[in-house]
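Right, I'll just put the structure down here and ask away after.
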Amino acid sequence: MRAQSVALCRPLLPEDTVVQPMLDVSPPKWHLAHTTWFWETFLLREYLPGYQVFHPDYAFLFNSYYNSLGSRVNRADRGTLSRPPLADVYAYRQAVDAAMQQLLIQQADTLPPAFWEVLELGLQHEQQHQELLATDIKYILSTSPLAPAYSDAKLAPIAASSAAKATWLPVAGGVHRIGFEGEGFCFDNEQAPHDTYVADFELQNRLVTNAEYLEFMAAGGYQDFRYWLGEGWDLVQQQGWQAPLYWLERDGQWLRFTHHGLQPVNPAAPVTHVSFYEADAYAQWRGCRLPTEQEWEIAARQFGPDPAAGTFLESNLFDPQPLPPDAAPDKCHQLLGDAWEWTYSAYHPYPGYQKAAGALGEYNGKFMVNQLVLRGGSCATPESHIRLTYRNFFHADKRWQFTGIRLAR
Amino acid sequence: MRAQSVALCRPLLPEDTVVQPMLDVSPPKWHLAHTTWFWETFLLREYLPGYQVFHPDYAFLFNSYYNSLGSRVNRADRGTLSRPPLADVYAYRQAVDAAMQQLLIQQADTLPPAFWEVLELGLQHEQQHQELLATDIKYILSTSPLAPAYSDAKLAPIAASSAAKATWLPVAGGVHRIGFEGEGFCFDNEQAPHDTYVADFELQNRLVTNAEYLEFMAAGGYQDFRYWLGEGWDLVQQQGWQAPLYWLERDGQWLRFTHHGLQPVNPAAPVTHVSFYEADAYAQWRGCRLPTEQEWEIAARQFGPDPAAGTFLESNLFDPQPLPPDAAPDKCHQLLGDAWEWTYSAYHPYPGYQKAAGALGEYNGKFMVNQLVLRGGSCATPESHIRLTYRNFFHADKRWQFTGIRLAR
Amino acid sequence: MRAQSVALCRPLLPEDTVVQPMLDVSPPKWHLAHTTWFWETFLLREYLPGYQVFHPDYAFLFNSYYNSLGSRVNRADRGTLSRPPLADVYAYRQAVDAAMQQLLIQQADTLPPAFWEVLELGLQHEQQHQELLATDIKYILSTSPLAPAYSDAKLAPIAASSAAKATWLPVAGGVHRIGFEGEGFCFDNEQAPHDTYVADFELQNRLVTNAEYLEFMAAGGYQDFRYWLGEGWDLVQQQGWQAPLYWLERDGQWLRFTHHGLQPVNPAAPVTHVSFYEADAYAQWRGCRLPTEQEWEIAARQFGPDPAAGTFLESNLFDPQPLPPDAAPDKCHQLLGDAWEWTYSAYHPYPGYQKAAGALGEYNGKFMVNQLVLRGGSCATPESHIRLTYRNFFHADKRWQFTGIRLAR
Amino acid sequence: MRAQSVALCRPLLPEDTVVQPMLDVSPPKWHLAHTTWFWETFLLREYLPGYQVFHPDYAFLFNSYYNSLGSRVNRADRGTLSRPPLADVYAYRQAVDAAMQQLLIQQADTLPPAFWEVLELGLQHEQQHQELLATDIKYILSTSPLAPAYSDAKLAPIAASSAAKATWLPVAGGVHRIGFEGEGFCFDNEQAPHDTYVADFELQNRLVTNAEYLEFMAAGGYQDFRYWLGEGWDLVQQQGWQAPLYWLERDGQWLRFTHHGLQPVNPAAPVTHVSFYEADAYAQWRGCRLPTEQEWEIAARQFGPDPAAGTFLESNLFDPQPLPPDAAPDKCHQLLGDAWEWTYSAYHPYPGYQKAAGALGEYNGKFMVNQLVLRGGSCATPESHIRLTYRNFFHADKRWQFTGIRLAR
């Protein structure tokens, strides 16, 4: 798992690992160091006798947001720090990995359950930052007029195909159970499992495509306030939004900046890099709506997923993929992977939610206001990281993640 | 109803009706004119043949946020406009009231149902601005170091009494019905009525008092990040919050700015002028939580309310009042009136929500993101305006309304 | 002198005296109180035995910028304070005037020279605020789309005349003496009188007219960066400047907001309400330049002025007036009154400058950086207030004073 | 000359060349490319037939502020661009240098005078960016808590010596000639040479030392508004300034961040990294003042300089050096090199100033407002770049250049 983070940064130049072109993006160098600090802080310092921290200043430099663990570099200043250089960060990673190995070999038999729980959390945390690495690298490379490709993998030419026609999957209302139950890892915010009531509804069986979204654009969707939430409309005006993030019109054709450089928009592929405001406006324009997270999970349990079908980080495609025209019309597709799906649910605690004690109590709980839940993972999510009960969360205006749209009614 | 708006402004000087000391506050002169513009725009122009607007520029000046009705003064600039003067605004009110009277007398028999619906909405809208007048006037007067009283009504001295002891009211989980049903007016956001599932819970039978909140303050509540949501903690640090809005420590005693000038904090009275962040932090510190709006409404239907007991705008007290010590311990008190109660529910559409057609569709729907629901009305709410299904909404950081806390667990 | 301040506010409504539509503008109520506080603080408290301040909070409310005299209302918040009301401020003025009268009658023979110096300064200070009242009132009224007139004095219709043709007045270079010498009052910043060297130069004998400035506009002056200082060009872009402040194009005709409401631009009148950036860009476009303050004063001493010819506050015209076509071509006109003339001189201390001791040392000295000197007074300056050595100063971007242009080469 | 820019960047890691921790600082990578773009744009494209630009996007990326040459990256965004990488920029430099060599070899005999003038300007421009490289690199490294040294040159230990005692050099008033005359290069802003009148004055014969500045600090200079210009005092309050930039108190001792890492403050060395506000406040506190640029140049011509004695970029010391105790008391020392000296003169055009035609007219002229003149160069200035008539300019609040203080009276 640790090697995957390094592998993601291998195509980068040292220069690429330093910059922070907007507040939400962290420099790749910072991601590599912060995840390492996590292991050092929560495991090595706690469990490896006599462990000396790699550098006394790294806790200040690489703590993200844990007030329990003291002061830290202002988030907005992460991109101003050229030191320590990338080579030192790699050395930090190696030293911490070696110490972890030593700890695991020497003490595997005597480590308490709490250790193994945090170890699991460290792996999950590393995976979350792998997704952020993929999306932050994209943003970093996009700011250059040179439009450099992250990957020179040859892309298959876009066939003039269309995606499978969307169908509506009906779900019967009533009391349903959601939230994580059973074996394996979950985040605290997926619990407690609980009953919830929903009325009858229908969910669309695939993500909204670029072709469908282009219809919204062609119909003047970005120019008509009636489809928009008020704060969204203000943003459209201030930012001059005319299309999803990374879209660029050149000679009458829409291009998108991707991990493979500038590419034509594929009509059959799911639209991505849209804010909640755009997702909601699109749904309003269609006369539909976004699902709640409860509806999403209930429908997903009933009609899906076929996990193998999703596009995940491991594919190295870094873009959601079209649903094949022969996909089964009575199944729910693209639930896991491809694009995070905005729900019209606030990221609030579930009934019975308990946050962890100590510093790790700051992991999820303190963000439970002013954000919306997204479900299902994306093409930048490691496949083993995602599950149907997973609750991701972002503010309504964010567009730099692989976020997409699924309609309900 | 129209006279009440004017009555609220009678104690003011013309100078008081012009200023806008913060973005959320509108000048009283603006409130008086905007409510009048509402009648003119949605009723007179639509239904009174040959009606000429009072002044061609007033639509630009007094439209609040209706994009359907064209451009308007930037909200932040409302407090820079000395003209039209207060006298002209009163003349505007009289002219519009006279025209309404003419319309009602001459055409009462032929006006369509749509007219009567908007008329009702106009009355409700006027009441909403009466509450805003009460709270905005308080804020305006508070900015002066002279701490002027709005009202010179003699206040009864604060007895050294304590409030009734709080009890916990148990509610059995299951599917309950909420939302507005039946006769009479409701806003579109209270519909559709629908079933919802809640687990067993308990709700406290009264609001949190100043004495209880002072315990939180004394325990270092404003200094300990562990009780706070992240964005709330940032605000505490940036703004230097140490107490609710309007509180002032002088010679070791806590005072509060009120409509009656600076007054000692009454330990038995409900705490008010707290943000959602403070309400949530207080609940966390107590080991409790805030209710959801579903829980609030279900419990309110079961255990209350005794509407006569609440404190409303008509009392001219402009402050929530202590619960008498002999209040029934098995009833839910202070549900309507006194202080708006923060819930841990996002202001989102109910299942089956339909927004109105045309400009009035902008009334409620476009605000349905990033805000939290408050329930029950306050001491500044007209008594006839409030009901158990009423959904008010504010951003989590707002403190200038009469907002309070009720605990759940 | 004191009565003149009140007379200027007489046409205002109480509402007009409260607002602060931009940072540079102070509410008229504040001006009336601040000038009164000046007398109270520097004279009554010092010299009238047993004097009790009118109100203990007024020093906090009405101190402008004297650090020596303690904390004060943030300048940006002056327009948020509705209290004390205008009536109280007038009562404050009367009480202080009465106390001053008492002091002058009872103690005139025993008051020390220092008293009479500060008394003179108090009068001059009052006059400075009379000019600010005139310009701030104009700005306040201008923000309303109603474009209300301050004065309903009938204006003579604009004759289709042109101004006197401009001539160039040649000044021989060499060492000249500038700065205030002799009897009477001057501000500390006009001293010490000193020698200065200038090369041969020419100064234009009148102010630049609207007709001339319209040529600059028509030639694309606001669209061509080559004429502009860098920081000025940035401002033009950000603010979208296309004309002087208060200009408005309607149906192909340029109008100006004035103390008499919206009026057509008079081609023969001097252009006013231009920033230093605009004045300099205009001069660059003409292939000329702005004079230095040394050049201005030397030429003014040699070729002018005819003080009776200027337009001052007492005229109640509130606008610079055209130079009659028969004005003598070999004299320098419009030097005093009409419009402040931007010079290309920084507001720095003269050689030998000494700032006063104590709080009054903050009167002029601490502003001596980042501002430019303006000379000659304007149509809003009391006639007895201005003289050829007078140094006014504003930042390069300011436009709300009656500022104009005179060319040099 | 071109090699020197590269040599300055040799100790840097690629990561160091990308970041922009504050607006005034440009990434070293940008400096290396921008200076190269200057040669390409003003010489190769003009004079080398058939020259193809190295990359079509580089003009957009590396134009600094020339409106004549089209749109460009927002200055604030220079630190967000990781591409092109440092290696590409070095390749750009080599390609342009090779093309320049080709041009010079092939066409040396036929190139017009205008070519040689711009060639000279290109060299001077390169030197200016060498100074900026030195100061920007310092700032970049300083932001890291790791306090990395740019250079590991062993520093001589600070001897417990004191600097030479300061003396006052008297200059007789009268008309003096200043500005550049004669052979060799100068910038347009050093002309026209002209007469100027000054009164008698005295100038101190060396820079103010750290020991002297520490007396100001110990006397509460940063806490007493009376010494400060108003805008400076506001800044002291807002920024919490307590000492020059880069100073850090640790265990009661003052340290400074330098190119050699954190070092103790050397009492005998000139104080540096002070703003104009601090320089002026220090002078006020001493009962002295800052010289005007006229006074500075007149005294410098009369009493100095001994150019060999100054500390320049070539020394690789990157810090102003103490004046030896045996320095001649009747000479003016440290005039060239060591630290730029704030004058109390605005950066305005000299009499007879003519800006160049075309894009190079934007080099100096458009900055001639709101900045102050500094004289004499610093320890980061190439020795061949500086002369007594040289006019540097910065805003009053800037501290990241090697700026120091010389007193006048």
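The first chain written gets the first letter, and so on, giving A, B, C and D; residue counts start at 1 in each chain.
Here is the rule we go by: a contact is a pair of C-beta atoms (placed from the backbone, for glycine too) under 8 Å apart; a residue touches a chain by one contact, two chains touch by 3 or more.
As the structure is a prediction and not an experimental result, all values here were calculated from the model.
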Open item on the list: What's the farthest chain from chain B if centres are computed as the mean of the Cα atoms?
Closed with: D
- [ ] Starting from the mean Cα coordinates of chain B and chain C, work out the distance between those two points in Å.
- [x] 46
- [ ] Find the geometric centre of each of chain A and chain B from their Cα atoms only, then give the gap between the two centres in Å, rounded to an integer.
- [x] 37
TODO: Indicate the whole-number Å distance between the mean C-alpha point of chain B and the mean C-alpha point of chain D.
DONE: 59
- [ ] Send over the residues of chain A in touch with two or more other chains.
- [x] none
Open item on the list: Going by the touch rule set out above, what shape does the chain contact graph take here: line, ring, star, complete or other?
Closed with: ring
- [ ] Spell out the residues on chain C that touch chain D in their complex, using ranges where they run on.
- [x] 65, 67-68, 175, 194-199, 225-226, 228-233, 276, 280, 289, 344-346, 348-349, 351-352, 361-362, 366-370, 372, 396
Task: Complex interface listing, chain C residues touching chain B - done: 13-21, 29, 57, 60-61, 77, 79-86, 140-141, 143-146, 148
